[in-house]
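Naming follows writing order (A, B and C), and every chain is counted from residue 1.
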Amino acid sequence: MTSAPTIERAGVPPTRETPARKISVFLSQHARVRLALLLSAPLFWLGLVYIAALAALLITAFWTVDSFTGQVQTNWTLDNVITVFTGALYQTVTLRTVGVALLVTIIDILVALPIAFYMAKVASPRLQRILVIAVLMPLWASYLVKVYAWRSALSQGGIVEWLVTPFGGTSPGYGLPATIITLSYLWLPYVILPIYAGLERVPNSLLEASSDLGAKTWRTMGSVVLPMLWPAIIAGSIFSFSLSLGDYITVNIVGGANQLLGNLVFTNVGAANNLPLAAAIALIPIGIMIVYLGVARRAGALNSL
Amino acid sequence: MRISAPRRSALIAGLAIASSVALLTACGTTSGSGYGGDEATGLGEMEGSVSILAWPGYVEDGTNDPAVDWVTPFTEATGCEVTSKTYGTSDEAFSLMKTGDYDVVAASGDASLRLVAAGDVVPVNTDLLKNYDGIFDFLKMQSWNSVDGVSYGIPHGYGANLLMYNTEVFPETPASWSVVFDDAAVNAGKVTAYDSPIYIADAAMYLMFHKPELGITNPYALDETQLTAAVDLLKVQRASISEYWSDYLKAIQAFETGNSVVGTTWQVIQNYVSTGNTDVTLPEEGVTGWSDTWMIGSQAKSPNCAYAWLDYIASPEANAQATAYFGEAPSSLAACDFRDDCEAFHAGDADYASKIWYWSTPIAECLDGRTDVTCTDYSAWTTAWQEIKG
Amino acid sequence: MRLSRAARVTLGSVTAAILVVIYMPLFVVFVNSFSTSTSLTWPPPGFTLEWWGRAFRNAGALEGVTTSLQIALASTAIALVLGTLVSLALQRHTFFGRDAVSLLVILPIALPGIVTGIALNNAFRTILDVRLGVMTIIIAHATFCIVIVFNNVIARLRRMGTSLEEASADLGAGVWTTFRLVTFPQLRSALLAGGLLAFALSFDEIIVTTFTAGAGVTTLPIWILDNLFRPNQAPIVNVVAVVLVAFSVIPIYFAQRLSGSEQLQK
């Protein structure tokens, strides 16, 4: 838009050449400057606060700690990293943690699909709103309280046992199954929401066209809905996978005698006061998540979070 | 030569990483706390505020239960406003003291020596504390609260890690810790133990009694062979464990529901279990225990208020209130005038107290005085503990 | 969509069953808030209103709620601003490093909380030598709340398209005026939805908070953690949780109405 001389337009006052106007014109002509202005604050924040802190932490993985005084010494060494990647304890715990996280993610997706589908496609608009509220409300009950409620539910004489005993079952008690159940429960809303959003984006017309062409319900689901939904599913899974990968509080409360990666990191930061080893252990979930995020990006999930 | 865009971004990223590494190394992650000064020679002006780090329930000011408050009288008497932070394990306390934010810390024996070694606490001049004399002698100048004859704090109270058992599963009182070690498999999946590396001392204490050939004389002074034996015992026990507890609410709940039927406990847990089918005992091998010490931080901004707090919390009435709320024996006989449950906690019973192996920090210099071997230190115990849990 | 009646009924009952499972623990919490037993066992031995009375007089709980509210509001405000800026940048422009930036935004929430917590704790204490306190918590929370706002806003921006903004520019509106009068009103409900989720996340966050809170700062989750240790206080925690869930209906409902009314305009 050029700074044209004022043309008589009915009812529109002539534009004035104020400094604000000049800046506005400059910005609308220079996209890169706009971009730079937009990005500067967030990048500064994320870069300075987050990336720098993360880098500082990861560097300590290559240092040591004096066990007597607890001070971190800047002696460069690969010992911690080697211990973590070759030690039997760390390999076992990593496999266990990844297994738990995968199971939790799969369970959450399987549970989220029907309810999200019902909310997006079958429910009336009013019911839809109620359902969204119903799904979001548990997020407000404190995480700790929910985990303790599950502890109470899964204990001997708890509500789960009361429900399954008539059918001859027993409550799983505390342990890995309990951890998986509780984690699946906790992250369910985070998985339902992106899948619901993704399903809303699937136009009803496509579904109708599919059924007009003779496809039964399952065929439509598999060939039409699922491929479109895939990025949203992966997006939801990012939350449940990463939140399970690093969780240590739930394991502490319902996991019985088990420990996951988060517990190892926590013990080393607290009990052992061995920040270098904790940072080395932290490399494992960071590495796993970066790979996961890379896969998610290829699937286009980052656009449908 | 035009560098392609992806390669260019990779180059820039590489440069950024390299330069930030250099920068961060220069800044460093080491914080010099150094050795924190000498003990005070006399009290000065109260600073008006004091920050305290303690176990939950040690510093109650009525916000949790209006009837439970021994902080307000302190503030009224000295003018020192109290801000407190609670911690869950001694290890957390040790990490938190490094920040230098706290004037006073209530440290158990498995943290106190580490605090001294790290220079995070200073010696305490007990002459400045008028309530120090009344404290039980068996709590003063012990290995966990003094170093080379220098006192580092004032004792708070003491308690033992007892054996708790479900009276329906054990109609007769178990006489030995074997119910959680060698015979644990009988109750597989229902045995509980304390979730901290310091629990290795309990295994060591058991071996001290049953395998004297190992030569253990102090469960906190273990050389490599002795530590390995204790670790092996605990790895076998792991198969029978329902859960390790560090939160005593967990232990109470587990015994009430029957998820745990036998294991290590604190007296307070037995006091709170409401189902009436549990009891505690002090087995023949002895018990480990704890006696917490109030210590003063080396970077304390309010040392005078800190001394005032130490003196106040050791005074009979305040000590009685605090130790009764937590469920441990008080630190002085005079405190029993303000409590009616001293019997249950074996207050002043020197014989009972002598059977307790109080939590101490294992260090390389053997606590039992041996000089021919190096003992394993707490970081070795921590690594071992993680391997035991698997 | 034309689903057979059987399919509808099955789907409906599966949904109902899932909702029952979702609310079962909350039901347990609700019942336990009236329980006479102080250690959360089920079924409760008796019922009492004592905990409800005590909860409202409990200074610690109120302080926790106030602190958490302040922190959540501040973090959400910062996240709203930064999240919108990033979304506008990423959706409206293409530049090299675009994928890297979107990855960067997601990273704080994709990496485990404990890693973020100890990294920030280490940075604040040893490198920046800053006292831990409310400010450090706000900084930590804002960092991982950015992505929540970012998700919602960028999804909305994609749906919006640029035609309205171009029209506004053609009519002579400056950059800021276009944003204020055209873009922002369309973004409002996305901002609200994102802000609400970010608020909930910050309000309930415990892991990163324990590492970035200083002495004397008690957020609600920290208070809950402290009080789950104490047998005399545990049921009060249940009361607090019930109250929170009950109160949460209001903002969620309004957020839904706002986004719902916008959807009807499609």
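Quick note on the criterion: a residue touches a chain if its C-beta (ideal position, glycine included) is under 8 Å from a C-beta of that chain, and two chains touch if they have at least 3 such contacts.
Every value quoted in this text rests on a predicted model; they were computed, and no experiment measured them.
A complete topology is adopted by the chain contact network, contact being made between every pair of chains.
Ranking all chains by how far their C-alpha centres lie from the centre of chain A, first place goes to B. Each of B-C and A-B has its own count of C-beta contacts, and the greater count is at A-B. Centre to centre, using the average C-alpha position, chain A and chain C are separated by 13 Å. If you average the CA atoms of chain A and of chain B, the two centres end up 36 Å from each other. In chain B, the residues that reach two or more other chains under the touch definition are 24, 27-31, 98, 247, 253, 257.
Each of residues 40-41, 122, 127, 228 in chain C touches at least two other chains.
Residues of chain A in contact with at least two other chains: 52, 56, 60, 151-152, 155, 157-158, 269, 275. Residues 1-4, 7-8, 11-12, 14-15, 18-19, 21-26, 28-29, 32, 40-43, 81-83, 85-86, 88-89, 93, 95, 99, 101-116, 118-120, 122-123, 127, 139, 142-143, 146-147, 151, 154-155, 158, 169, 172, 174-177, 197, 200, 203-204, 206-207, 220-221, 224-225, 228, 237-238, 240-242, 244-245, 247-249, 252-253, 256-257, 260, 264 of chain C touch chain A in their complex.
Note for the complex: chain A touches chain B at residues 52, 55-56, 59-60, 63, 67-74, 89, 92-93, 151-152, 155-158, 173-174, 252-253, 255-259, 264, 267-275. For chain A in complex with chain C, the touching residues are 1, 12, 15, 20-21, 23-25, 27-28, 31-32, 34-35, 38-39, 41-43, 45-47, 49-54, 56-57, 60, 111, 114-115, 117-119, 121-122, 125, 129, 131-146, 148-153, 155, 157-159, 162, 185, 188, 197, 204, 207-208, 211, 217, 238-239, 242-243, 245-249, 261-262, 265-266, 269, 275, 278-279, 282, 285-286, 289, 292-293, 297, 302-305. Across the complex, chain C meets chain B through its residues 37-41, 45, 54, 57-60, 63, 96-97, 100, 122, 125-127, 129, 131-132, 214-216, 226-234. Remark: chain B residues 17, 20-21, 24-25, 27-33, 89, 91-92, 94-95, 98, 114, 117-119, 189, 196-197, 238, 241-244, 246-247, 250, 253-254, 257-259, 363-364, 377-379, 382-383, 385-387, 389-390 touch chain A in the complex.
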